[in-house]
Structure formats: structure tokens, C-alpha cells
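Look at the two complexes coming up: chain A is in both, with chain B in one and chain C in the other.
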Partner chain A sequence: MTIYYKDAYINETSVTAGPFLIDGPLKEKFDNVYTDFYDKEKTFEDCEVNELVKTINTLLRKGNYNNRDISLLISADLSNQIVISNLAANKLGITYFGIYNACASFCESIILASSLLYNRDDKVICTTSAHNLTSERQFKAPVEYGMPKPEYSTFTASAATACIVSHKKEGVRIESGTIGKVIDLGVKDAFDMGSAMSPAAAYTLNKHLKDTNRDISYYDLILTGDLGLYGKKIFKEFCLKEYGLKINNYNDAACLIYNNKDSRVCAGGSGPSCLPTYVFCEIIPKMKKKKIKRVLLLATGALFSTTSVNQKKSIPCICHAVSLEAI
Partner chain B sequence: MTIYYKDAYINETSVTAGPFLIDGPLKEKFDNVYTDFYDKEKTFEDCEVNELVKTINTLLRKGNYNNRDISLLISADLSNQIVISNLAANKLGITYFGIYNACASFCESIILASSLLYNRDDKVICTTSAHNLTSERQFKAPVEYGMPKPEYSTFTASAATACIVSHKKEGVRIESGTIGKVIDLGVKDAFDMGSAMSPAAAYTLNKHLKDTNRDISYYDLILTGDLGLYGKKIFKEFCLKEYGLKINNYNDAACLIYNNKDSRVCAGGSGPSCLPTYVFCEIIPKMKKKKIKRVLLLATGALFSTTSVNQKKSIPCICHAVSLEAI
Partner chain C sequence: MNKEEYKELTGIIIPKTFKIKKIFIAFLVGGLIGLIGQVLVTIYSNIDSLSKIDSGNLMMVTLIFVSSLLTAFGFFDNLVSKAEAGLIVPITGFSHSTTSSAMEYRKEGLVYGIGANIFKLSGSVILYGTVSACIFGLIRYIIFGG
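And now, the complex of A and B:
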């Protein structure tokens, strides 16, 4: 399903970044940073909630809004029952919808926000949140185990991101969105999300190009969210073999946010904030200067839980696409 | 935020009900039933996934559609990372958005579906799923403990529900929707969701009436989702004291789906399927016969997780409203 928007824009953006990100190539570009996983709070979860609230308050300040000016907050994170988003929404007092498509949630939120702009002055905030240690201990193993990881695993990006979507012609234009379907080729290794998610990304890319009748060269850049160093290669190969798509104008946000010489980040970033962190810090500023004009975002998500992995299910994956244009 | 719809309708509906519901007052009205919590599957989760898939396939059969006719599936359930919805979406091969606002998810899905109907023949399926034992063991304590519960606790309704939302003038009309905000008055007892959620329901009811400039008598019925026997009383008192709203045209789905003489169901039903089960089995058939014409649904959700409860957080709650009209 591809939806076209006449006048939806991403206006202001805001990013708060934590450990590892703040040592990476984007280090000068964050609105807020925190240097340890507690940031003066008692729990990782409290830390994550507060970084998300701080990110939204920074966004409001940058846009010169207060929370009563906002029609709706759409938020996603990796915690069970997206409780980080729930607790942040509670502190902010903004009308709220929670969503969840794992790391594909950013594109889901942009598509929903663009579809929910009913009045001329509606403003919708889309947020994502992740914290490496809240998600590590929830999805994998208690942090204290110090469990070694395979080199193809990815390292959840500790960041909160927020943007305002509105009819106001400012920032970058949201031109269209393609909603993906669940693709599951049988990968069962929860560390190997790059392999699991690549076919979903290729499916949605091909669907978007077919629906819009566009050639891959239409875009200056195709950007996946968090396939990682290995998934990126698999994605390119899969696009060629399965759909005959040869993509050169391509990169993956997971490979661009860390200092890749640090072996602790393994194959790169992951999590729902990985893609918007890179997009808000690098892509939108370039689009505003018209250095790049058309970008297709492919946010990929691995839709598993610890229960489904423990019950030996394979990992169903999804990808949603959003097409951005410079104005 | 209140959104008005010109031509959005709930067409077909489908309900699959499990133990306890099938002994209650709606027992003759389900499309499918299952009589034990495994229903020939190896795990409760497999059972829940299969009941959800069965419900959607029944819906497609009733509407004379196949899954390629469907533009989008929007689904929510109580499992961590909504993995029940993810696995069902995987089996169905339909374009998919996952959402989560706990037991308020039904109204969230109806509002989103109505906002996503771009083309004349778009059809969006909205589903909810719950299974008493998958949710009990995830949110409270392992089932085998046989832990006694306070009488004010509610009993998750084991049901999967699905409906088609489209522009086709058939079934009942979705007239408007009001999105709520998070309300938290400090309740910390995860068994006492009725008390926790009542203020959110009262807030959204009052907001809806103010936004639409309607008197409470505009509606033939105000129906909350799962406040339960105690929450229902608190809601009525809270509406009167906080907002001066005297409501007589009111009921709560949680109090209407079980055999209330069975002490095991305590204060009534709960879960995301509680409200749509009652609406699809009782309300929509009556609206089709024009026995009742205007109904306001108030779906309430308790936005906690086991982590937030264990970390002594109070329970933030939300309520979204959907106004239905007979056609």
C-alpha cells in the first residue's frame, strides 16, 4: 500500500544521544548528549524515559511551541508494552498513540502522522526511543553476564529522536509512504537481524518502485535503517537476485553512526532510533541545503520477542518506506 | 484531538471466543469458539496466534474477500513486542502496522484505519487478540502458582476480534474519534485497573463532548471497555464530581461478557478484545436493526509493564473514544 501526501513536512527535529554514539562520526550534531547509561537516574529505564522527555522538550523549544500546540504524539520504543513511551507521554500531557513495529516504527510513525493531519494547523510529534542496556537485558541476556557476541550482531543505538510533522512548508517534504508486509525466510538467530531483515527491505523497496512506477535512479539515496555491515551486503545481493535491482545509490544508517573501529559495536547500530538519528543529523540538513534532493528511507524491523525466540520461532521481519523530498 | 469522518464504516465483523466467554451471555453469538486454552496447540501462544488467524480468515470469508483485497492490517495484543499480532500477520501476508495502547487499542485501530482510507476501495482490517493465560503469566504470575486475586481484579477475555473498515456504506458508520491523553492519578496496584483507568475514561468522554459540542444525551449508549464492576461505579462518580456529567445511558463491556455468578471472573472482563467482543456481538447487530442509533465507545488502557510495576511506578492510563452511528 503506497500513500501519497500533498502537503506533509518534517519541520523541526531533535536528537539526544548516549554512550558510543557520542564517540562516533555524528558527535557534533546532537541536540543533547548523555555520557553514561544512568545519567544520574536510578535505573536504565528512568534514564531512557528522561532522555525521551528531554528530546521532546528540546523539539518544542526549537519549534517555539508548547505542548498544548501539539495535536498528537506518536511514539515507539523497544521496551515491553512500550512502557518508555507510555511514561514519557504521561510526563508530557500530550494526546498519545503508541505504535510498535520494532525498528521499522520510525517510518510507521511518519506515515501515520502524515495521514492524521486533518486541520491546517495540526502538528504531530513522532518519536522513537532506545537505550542499549534496557534493550540488551530485555531481548538478550542480563548485561552483567558480559556475554560475548558474534561479529554479525548489531549494537542498539542509545538515542531518543523526535520530529514535528505538519502542513507547514518548512524542513523537508514527506512525498509518499509504502507500508510493507511481514517477510520471514526462516532465520532463528536473534543476533543475526541483518540477514533476517534484508528480504523485507528488498520486498518493500521493490513494491515502492512498482507502485510509484519509478526507477531506482529516481532517488539520490536509498537508506536502510539497521541492517549492519553484513546485512547491507545481503540486501544488495538479494535486491539483485530476487528483483533484478542493481543499487549503487545506497547506504545503511547502522554503518554510519558509530566509530566502526570500536569492536564493541560489532556490525553497527540497530534499534528504532538508529535510522532517525542519522536522518535528522545528516540527511535533513543536507536536504535543506539541496545537496541531495530525493531520499527513500527503508526502516526495517525484526518482530520477535524473547518468548517467540525461546519457543523456537523464526523471526518475522517488516520494512516500511518513506520518500522525502527537498523543498 | 477529535477527527470527523465523512464516509468510514465498519462492515463485517468476526469474533473467536475461548473459555469463560463461551459460558457467558454472548455464547450463541460468536463466529468461532475454542473450549480449552491450548486448542490442540503446544503452547498458549500458538493457540492465541491460531485463533487470531482463524478470526481474520472467517472475516475474509464473511466479506467474500481474499487477503489480496485488503490494503492493510492493523493489530494489537497484550504480548511483549505484540508478537502474537506479528506472527499472525506473517501467516496472512497482508500489509501490516502494529500498534499498542493496551486495552485502548481497539479505538486506536478504528481511528487509524478510518484515517488511512485513501482510495475508494481501500479496506483495512482492525484486529485485537488476547488469551487469558498468555497475558496472566506475562503480566502477573505464572499460572501454575494459582495465586488468589482480589475481587476487584478483572479477568482477561480470551478472544480474537476483527472487523473491516472501508468507505463501503454497509454495517455502521464511524462518525468521529477522539484521541485521549495519558492520565495517571497514582494507582500502583496492577490488579486494580478499574480504579486506575476510570479518570482517563472520564477525561476523554468530557473532551469528546466539549470538542463536538454535544450533550451526553446525544448518545443512546456510552460504553466503556473494561472498567469492571468496581471501575464502572468509580467512573460514574468521577464524571459527576470532576466534570459535572450525570450519565445514565451508560454501561461497561467488562460487566456484560461473562456469567457474573462465576466468582473466578472476579469484577469482569478486561483486555483489548473485551470491548470489541461485546460491540461486535451485541451492539452492531442492534445498530443494524436501528434499535440503537448513536453509541460512543470509550476504550480504556492501562499502560504498564511488569518492569514498570516492579520498579514501583504508578499505572499511566489512556482512553480513546469512537462515535458510531446506525445508517
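And now, the complex of A and C:
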């Protein structure tokens, strides 16, 4: 399903980045940074909540708003029962929707926000939050264990991102959004997210192009979220073989946010904040300067839990697309 | 594209994790731990009051204590990600997995945190260690008569 928006815009953005990201190529472009995984808090969860609140407050300050001006907060993260978002929403006192689509949450929140804008002066904040060590514990082994990982695994990007979506003609335009469907081609390895998510991304890309009757060259850039170094190759190959799509104007945010020479980050970034971090720091500033005009974002998410993986179920994946245009 | 065809496609692109270099490092590190253990046994058995079994037990206690301490100071996880099975398979791995779980869950309280999760990773070592000890003990009893 593809939805078109007449006047929905991303006005302001704000990014708080944590360890590893602050050594990467985007290091100069963050609004706030934190250098250790506790950041003076007692637990990793407290740290993540704190960073998320800080990001939203920075966003409000940048846009010159206060909490009462905001109609809705849509937030997503990777913790159990999205408790990080819930705790942050509790501190902020804004009407709140908590959503979960794993790493596809960013595009999901943008689609929801744009669709929910009703009154002229409605403003919706979309946030995503991830913390490498809380998600490491959530999905894999205890942090101090230092579980050995294969080189094709991805490394959750510790960052909180927030943006304001409204009718105000400022920033970049949200032109349309395509909602994807759950696709599962039998990948069972929870480390191999790139292989698991590529078919979902390819499906949504093809669906978007069909629905909108556009050629792939319509976009200056097609950007996937967190397929990683190997997933990127698989995605290109799969698009060509399954849908006959030859994509050259393509990149993957996971490969662009870290210093890839660091072997600890393996095949690149992942997590719900991976794509928005790159988009807010790199793409939107370029679009504001009109260096890039049209971008298609494909946020991919792996919808598994530790229980489903331990029970040897394969990993169902989803991808949502959002098309952005410079104004 | 069906599941088999997709598996073939990803199989070409995803690198294989089986590497001779890793096996070699694990072999060397594991051997080194064994050597340290043997040196400790020799030292302890030179103490008059200790029998051979006691010095063996004391060696294990020492290794467990040292690796637990290294985990607590945050060194061991970096070592494990380099040496992998070389450190996980010997008793150091058992100690490391127990301590790391305890550290991880201490914020959730003494009972539901540490108590419930301390053997999260090493529980299977205890369970299957005991089960296999029973089986091999039985085999030994049947064949050698105790």
C-alpha cells in the first residue's frame, strides 16, 4: 500500500550519538554525544532513556517549541515491551504512541506521523532509540561475555534520533510512503540480518516503484537501513534476479556510519537508529542545499525474538519505504 | 525465488566463518591455559600437606578466580573475542560466563537478578557435565569394575 502526502514535512531533526558512532565519519554532525555506555547513569537502560529525553529536548529547543506545542510523540526502540520509549514518554508528558517494527520503525513512524497530521498546526515528533549494550543483552548474550561474532554480523548503532513532522513548509517534504509486508525466505541465523532482510527490502522497493509508476532512475539515491556490507551485495543481486531491477544509485546506511576499519563493528551498523542517524546528519542537510532532490528510504527490520530463534524458527522481515523530496 | 535458491545466492556472498587461523589461535591459547594449569599443579604439589588431588583442585580454583577477576575488570571479554574457543572451552570459560551473567543482572536484584540468571550461560555446562560424568562413571564401572 502506498500513501501520498500533499503537505507533510520533516522540519527539524536531532541526533544523540554514542560510542563507536562518534569515531565514525559523521562525528562532527551530531547534536549531542556521549562517550561511554553508562554516561553517568547506573544502568544501560537509564542511559538510553536519558539520551532519548535529551534528544527530544534538543529537538524542541531547535524548533523553538515546548512540550505543549506537540500533538503526538511516536517512539520506537529495541527493548522488551519498548520500555525505553515508555519511560521517556513518561518523563516528557506528551500524547504518545509506542511502536515496534524492529529496525524498520523509523519509516513506520514517519508514515504514521504523516498520515495522522489532521489540524493545520499539528506537530508530531518521531523518535527512535537504540543502545548497543541493551540490545546486545536483549537479543544475544550478557554484555561482559564478549560473545564471538562472525564477520557478517552487524553492530547496533547507539543513538537516539528525533524529528518533527508537520504541515509547515520547511526542511524536506515527505512525498509518499509504502507499507511493506512480512517476508521470510528461511534464514535462521540471527547474526545474518543482511540475508534475512534483503528480500523484504527488494519487495518493498519493487512495490513502491510499481504503485507510483516510476522508474528506478527517478530517485537520486535509494538508501536501505541496515543490511550491512554483505546484505548490500545480496540486496542488489536479489533485486536483479527476482525483479529485474538494476540499481546503481544505491547505498546502505549501515556501511556509512562507522569507521569500517574497526573490526569490532563487523559488517556495519544496525538498529532502528542506524538509518535516521545517517539521514538526519548527511541526507537532509544535502537536500536542504538541493544537492540531492529525491531520496527513497528503505528501513528494514528483522521481526524475531530470542525465543523464536531458539525454537529454530526462521526470521520474518519487513521493510517500509518513505520517499523524501527537497523543497 | 524459493528458499533453496535464496540459500544458494546468500551462500556465495556471505563469507564462511570456518578459518584455519582461528583454530590455530584457539589451539595455542587453550594449550597455554593447560600449561599454566600444569605449572600450578606442580607448584602446589610441592607444598607438603597437599595431595595430588588437592593440588589439582586448588589449580582449578586459582584459574576460576583469576578469570573471574579479569572478567570483573573488563579484560576478559576482549580476550574472548580474539581467542574464542581457546578461552571458552577450558574452565576459564565456565568462570567467565558465570561472572559475566552475575555482573549483567546484578541491577535486577539479588534474587530475580543474580540468583535467577547467574547460570544463564554456564547452566548447560553444569547440567551436561554432571550427566556425562554419570554416564562415563557407569561405563568405567562396567568395564573396569570401578
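Operating definition for what follows: the second predicted complex is superposed on the first by the 327 of 327 C-alpha atoms of A that agree within 3 Å, B and C clash if a C-alpha of one lies under 4 Å from a C-alpha of the other, contacts with A are read in each partner's own complex, and residues count from 1 in each chain.
Just so it is clear, contacts are C-beta pairs under 8 Å (C-beta built on N, C-alpha and C of every residue); 3 or more make two chains touch, one makes a residue touch a chain.
Just so it is clear, the structure is predicted and the values come from calculations on it, not from any experiment.
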May I ask you to decide whether A:T43 touches chain B, chain C, both, or neither, giving the answer as first, second, both or neither? both
Once the shared chain is lined up, is A:E151 touching chain B (first), chain C (second), both, or neither of them? second
Looking at the overlay, does A:L116 come into contact with chain B only (first), chain C only (second), both, or neither? first
A:D192 in the overlay: touching chain B, chain C, both, or neither? Say first, second, both or neither. second
Does the superposition put A:N259 against chain B (first), chain C (second), both, or neither? neither
In this superposition, which partner touches a larger number of chain A residues, chain B or chain C? B
Now for A:N66: first (chain B), second (chain C), both, or neither, which partner does it touch? neither
Between chain B (first) and chain C (second), which does A:S217 come into contact with in this model arrangement: first, second, both, or neither? neither
Shared chain A footprint, chain B vs chain C, residue numbers 43
Under the stated contact criterion, what part of chain B meets chain A in this complex? 1, 3-4, 43, 45-46, 71-72, 78-83, 86-87, 89-90, 93-102, 108, 112, 115-116, 118, 122, 138, 179-182, 184, 303-308, 311, 313, 316, 318
For the complex, give me every residue of chain C touching chain A. 1, 3, 6-7, 9-10, 13-15, 17, 71, 74, 76-81, 84, 88, 96-97, 99-101, 103-105, 107, 120-121
Help me check something: in the complex, which residues belonging to chain A touch chain C? 42-43, 137, 141-152, 185-187, 192, 194-195, 199, 230, 233-234, 237-238, 241-242, 264
